[in-house]
Amino acid sequence: MGRLLKATVLANDQVLSGIYKLVLAQEWLAGEAKPGQFLNIRVSGASAPLLRRPLSIHYATGNQVEVLFQVVGEGTKLLSQVKPGEVLDVQGPLGNGFELNGKGPAILVGGGMGIAPLVFLAARLREPICLLGSRNGQLLSSSGGARLQEMGLELQIATDDGSLGRKGLVTELLEQTIDKAGRIYTCGPKVMLREVARLAIEHNIPCQVSLEEHMACGVGACLGCVCQTKTVQGDKRHSRVCTDGPVFEAREVVWE
Amino acid sequence: MNRKDDQAVKLAVNLGGIFLRNPVTTSSGTYGFGQEYAAYLPPSELGAIALKGLTREPKSGNQMPRLAETPSGMLNSIGLQNPGIEKFIADYLPQVRELPTKIIANISGNSVDDYADVAGRLEAAGGIDGIEINISCPNVKHGGIQFGTNPLMAAQVTKAVRDNTKLPVIVKLSPNVTDVTEIARAVVDAGADALSLINTLLGMAIDIKTRKPVLANIMGGLSGPAVKPVAVRMVWQVAQAVKVPILGMGGILTAADALEFILAGATAVAIGTGNFVNPAAPHEVVAGIEAYCLDNGIKDVNELIGAAWRR
Amino acid sequence: MNRKDDQAVKLAVNLGGIFLRNPVTTSSGTYGFGQEYAAYLPPSELGAIALKGLTREPKSGNQMPRLAETPSGMLNSIGLQNPGIEKFIADYLPQVRELPTKIIANISGNSVDDYADVAGRLEAAGGIDGIEINISCPNVKHGGIQFGTNPLMAAQVTKAVRDNTKLPVIVKLSPNVTDVTEIARAVVDAGADALSLINTLLGMAIDIKTRKPVLANIMGGLSGPAVKPVAVRMVWQVAQAVKVPILGMGGILTAADALEFILAGATAVAIGTGNFVNPAAPHEVVAGIEAYCLDNGIKDVNELIGAAWRR
Amino acid sequence: MGRLLKATVLANDQVLSGIYKLVLAQEWLAGEAKPGQFLNIRVSGASAPLLRRPLSIHYATGNQVEVLFQVVGEGTKLLSQVKPGEVLDVQGPLGNGFELNGKGPAILVGGGMGIAPLVFLAARLREPICLLGSRNGQLLSSSGGARLQEMGLELQIATDDGSLGRKGLVTELLEQTIDKAGRIYTCGPKVMLREVARLAIEHNIPCQVSLEEHMACGVGACLGCVCQTKTVQGDKRHSRVCTDGPVFEAREVVWE
């Protein structure tokens, strides 16, 4: 269960143009956090921007929690201006997170900023294989690729411009590797997730996908963030990404 | 000794027969069925919780996207997603009933009969302290807003519910009308014990990249601090037009906001969007109202109701 | 060679017979008589300027305070302070006439006759390119808002002005109504060449220290980004209900805001409160619309009007 | 005529709890500014707080312009958080300012934060006598009193608590000194201004008062900031504090 917390900013460094690594001192949160969970961070004391911003936990250890974020609008811009020593109003940890237990080799498939939360996940799994994709090599490294490499993991890389790894899509890497997979974990853009899910279902491999939706409450109270899911019997319903997810089993999601 | 006896300030209010320990409640659709925020704020600190809107049949709600942030506000088009009255009573009410605060059920329908039926079933099931009639939800095609903008239909719905339950009946008014006092008078004459206002303002946003409306439902309800001036104005107008108590809401984040509503004539207030921004808001608002009373030598919060116009 | 010929994007629009060099104007009551901001922005960059509301007799306006800031918005209750039509024509019009942009005179009155008279005198005086009828000012006791919330009266005023001038007639609609399309249809049937919307939302604020309304006039008009979702929704509704062009306004600060209105169906936009926040806003909005068109292969801004619903 | 300017923050120091001195680098503004004029400063890039904040020019010299302000709400709080090196969006100089020419000794009467703009005024007058009042001595010094003293001017001081100078009101000081006055300049709370104006009119001494009103545009366009004034014939009208003022001749103002 999440809590409303005060977290002191230890660092907030630009790791690449428009990408920041925010390091927070919050011991309780660091102890509680599970890979795949997220925080809901207040970015302004004024009434605009009004809503909290949902951001995944990039890493957590000791008394520190890290968030890796990209500046895309007003809220993330304000967050990028936060200075060490300031105290942030942080709600979390939120969401269900990834199920770490499972059989066979774990393959992690990350695209773009979706690589960020996989770093925390990779640290909690036994020798996962990481398939990473991004627009270019710099972006890929800065959104968690470099960190995964430092962890000594097997990486397979695809970039749109071929500046790092193979030129192409990360899902092409998955097609080649999927036979080795015991289970798949994935986070990234919707189109990528859909293709990863399709492959996993086709090969009958358990696959956990982390979804993203615009959120208001982050705790399941507003029903603003739903996605279509289905039961084994095929009954469809609206599930809340914030509390029923953000991590869903691929075959539960209605991918249209 | 009762904790209340210690309090220097009397905070309890009577909202049309629902006795609230303090004037701060949470609004329908923003607080689920009362469980979601329980870890952040003990429900015992709240005057009441209004439940997510219920309908006769289950509703899966509108398509996504359902949310858009706007300057100091947000648009939502949830479309009354709810399990339906039967499943609610079977699966949710047992837990809801245990919440240590007053429970207001919020009901919507496509017909007068729907409203009366749902109200009756809720009373029969027990554990509900009051019924809030939502005649003003802008997010559903049939019913909803039509009832809320037409005084005759609003009165009809109110009377049907009134006749079918002994529970206190609150009617929730739409702000999307020319003269809110006209509707207010009509539903009070039809038997409303209290009024709540405002529901959301009808609004929309357009995505200039896709050149389409942001919300799948095209339009949605505007809430949050942006609407506060409109909400305070309507509470001010309605409070002077009718004699029943008012549950004021629209953009409340702080105790100062809540006090504006009370001074305008609200007996109690509800926090909606404010919970998303700050889950501790209801707690802070209660504490802030108490502090304000202490600072100003007010012994009973009831003295402040409508004080901006009552002379 | 004409500067316009160089432009890759055609920005000129026809607002019901008023030909604007670009779709960006400044709104009545926020731009004085066009001189106050001239040092910040060459009027030649604007599609048009709407003048501060004029009445038959001079008006000293409401008591102070007249302003209150609200979340992402502001309340005003100026009360149509103006020198009256006679003094305006004698003392101000000579300078106004020299402004290198289109001039829209905004008129208010206590009676149908007032409106017709002021419009006639303005046309006779010369130098005005269009008349905007304010039937929606919430800040005056008589006339004003009553005309704006009643379709019959709105039509009457429109017809009287229409009959008394050959100038293009724009009717400015109030957002404080149940169904804005009803009023829109009524005034278009009565001869309006264009519509402008929205005027301010009726709102108020209470000072919790004094326990009195902040504004001397109690209520005021809410403007600024807070109202944008309501304004875009109304432009969307009205644009689909009538065939005349729309001047869209309410909370525009940036080109993205202006594009929302145009995509919703506005032929041109007006910046009001945005000027106070950023006197360069009109310039930035024109530049931003042009850049958006270039980026998206749009040759003529007219292609974007209503593109969010026109298929 | 004011302009829309970018001004780099050179310093923004807390001079006393809740009082800040903002120093801006803006050469054109520094050259143009006249005592009694003000700036309209944007305090947020977001839409809330929406309006600019009007703040008097405390001092201007070379390429620097100073503003002394008190944190009273959200806008001034945000302004207090601005750091050196940041660039502010400043509109000014606005308003008419004080008329510096006049006969006889100049007496300056300042109350509370109203002392701040008198510093710039004092620097442009020949040996003015400064009558200053505030809640206490610390506040008085921090809102411009110390600066006026450094300028070697004759100061007479009154404080509510008697912690500096005489215990009482600055208008009591004026009553004792008014016979020496050739002209009076005053800025401060409305009640003080009214009393200063009353004394000046009674003694038939020219008196310039600087008024304050809530503002939206600051340039005379919105008619939001008016005050009642009267002509010699007694005709009353609404004048704009932002452009017809903020400095008015005491006898033109309708003091009710």
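For clarity, chains are labelled A, B, C and D in written order, and residue numbers in each chain start from 1.
One rule holds in what follows: a residue touches a chain if its C-beta (ideal position, glycine included) is under 8 Å from a C-beta of that chain, and two chains touch if they have at least 3 such contacts.
Just so we're clear, the structure is a prediction, and the values are computed from it rather than from any experiment.
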Pair joined by more contacting C-beta pairs (A-C or A-B): A-B
Distance from subunit B to subunit A - Cα centre to Cα centre, in angstrom: 35
Centre-of-Cα separation between subunit C and subunit A, whole angstrom: 46
Where subunit A and subunit D are represented by their mean Cα positions, the distance between them in whole Å: 53
In subunit D, residues with contacts to at least two other chains: 47-49
Residue list for subunit B, restricted to those that touch at least two other chains: 71-73, 224-226
Category of the chain touch graph - line, ring, star, complete, other: complete
List of subunit D residues in touch with subunit B within their complex: 47-48
Residues of subunit C that touch subunit B when the two form their complex: 70-73, 75, 149, 176-179, 201-206, 208, 211-213, 218-219, 222, 224-230, 232-233, 236, 251, 256, 259-260, 263-264, 292, 304, 307-308
Complex interface listing, subunit B residues touching subunit D: 71-72, 225
Complex contacts: residues of subunit D adjacent to subunit C: 1-4, 42, 47-52, 89, 91, 213-227, 236-238, 243
In the complex, subunit B residues that touch subunit A: 29-32, 36-37, 39-40, 52, 60-61, 64-69, 71-74, 76, 78, 81, 224-226, 253, 273, 275-280
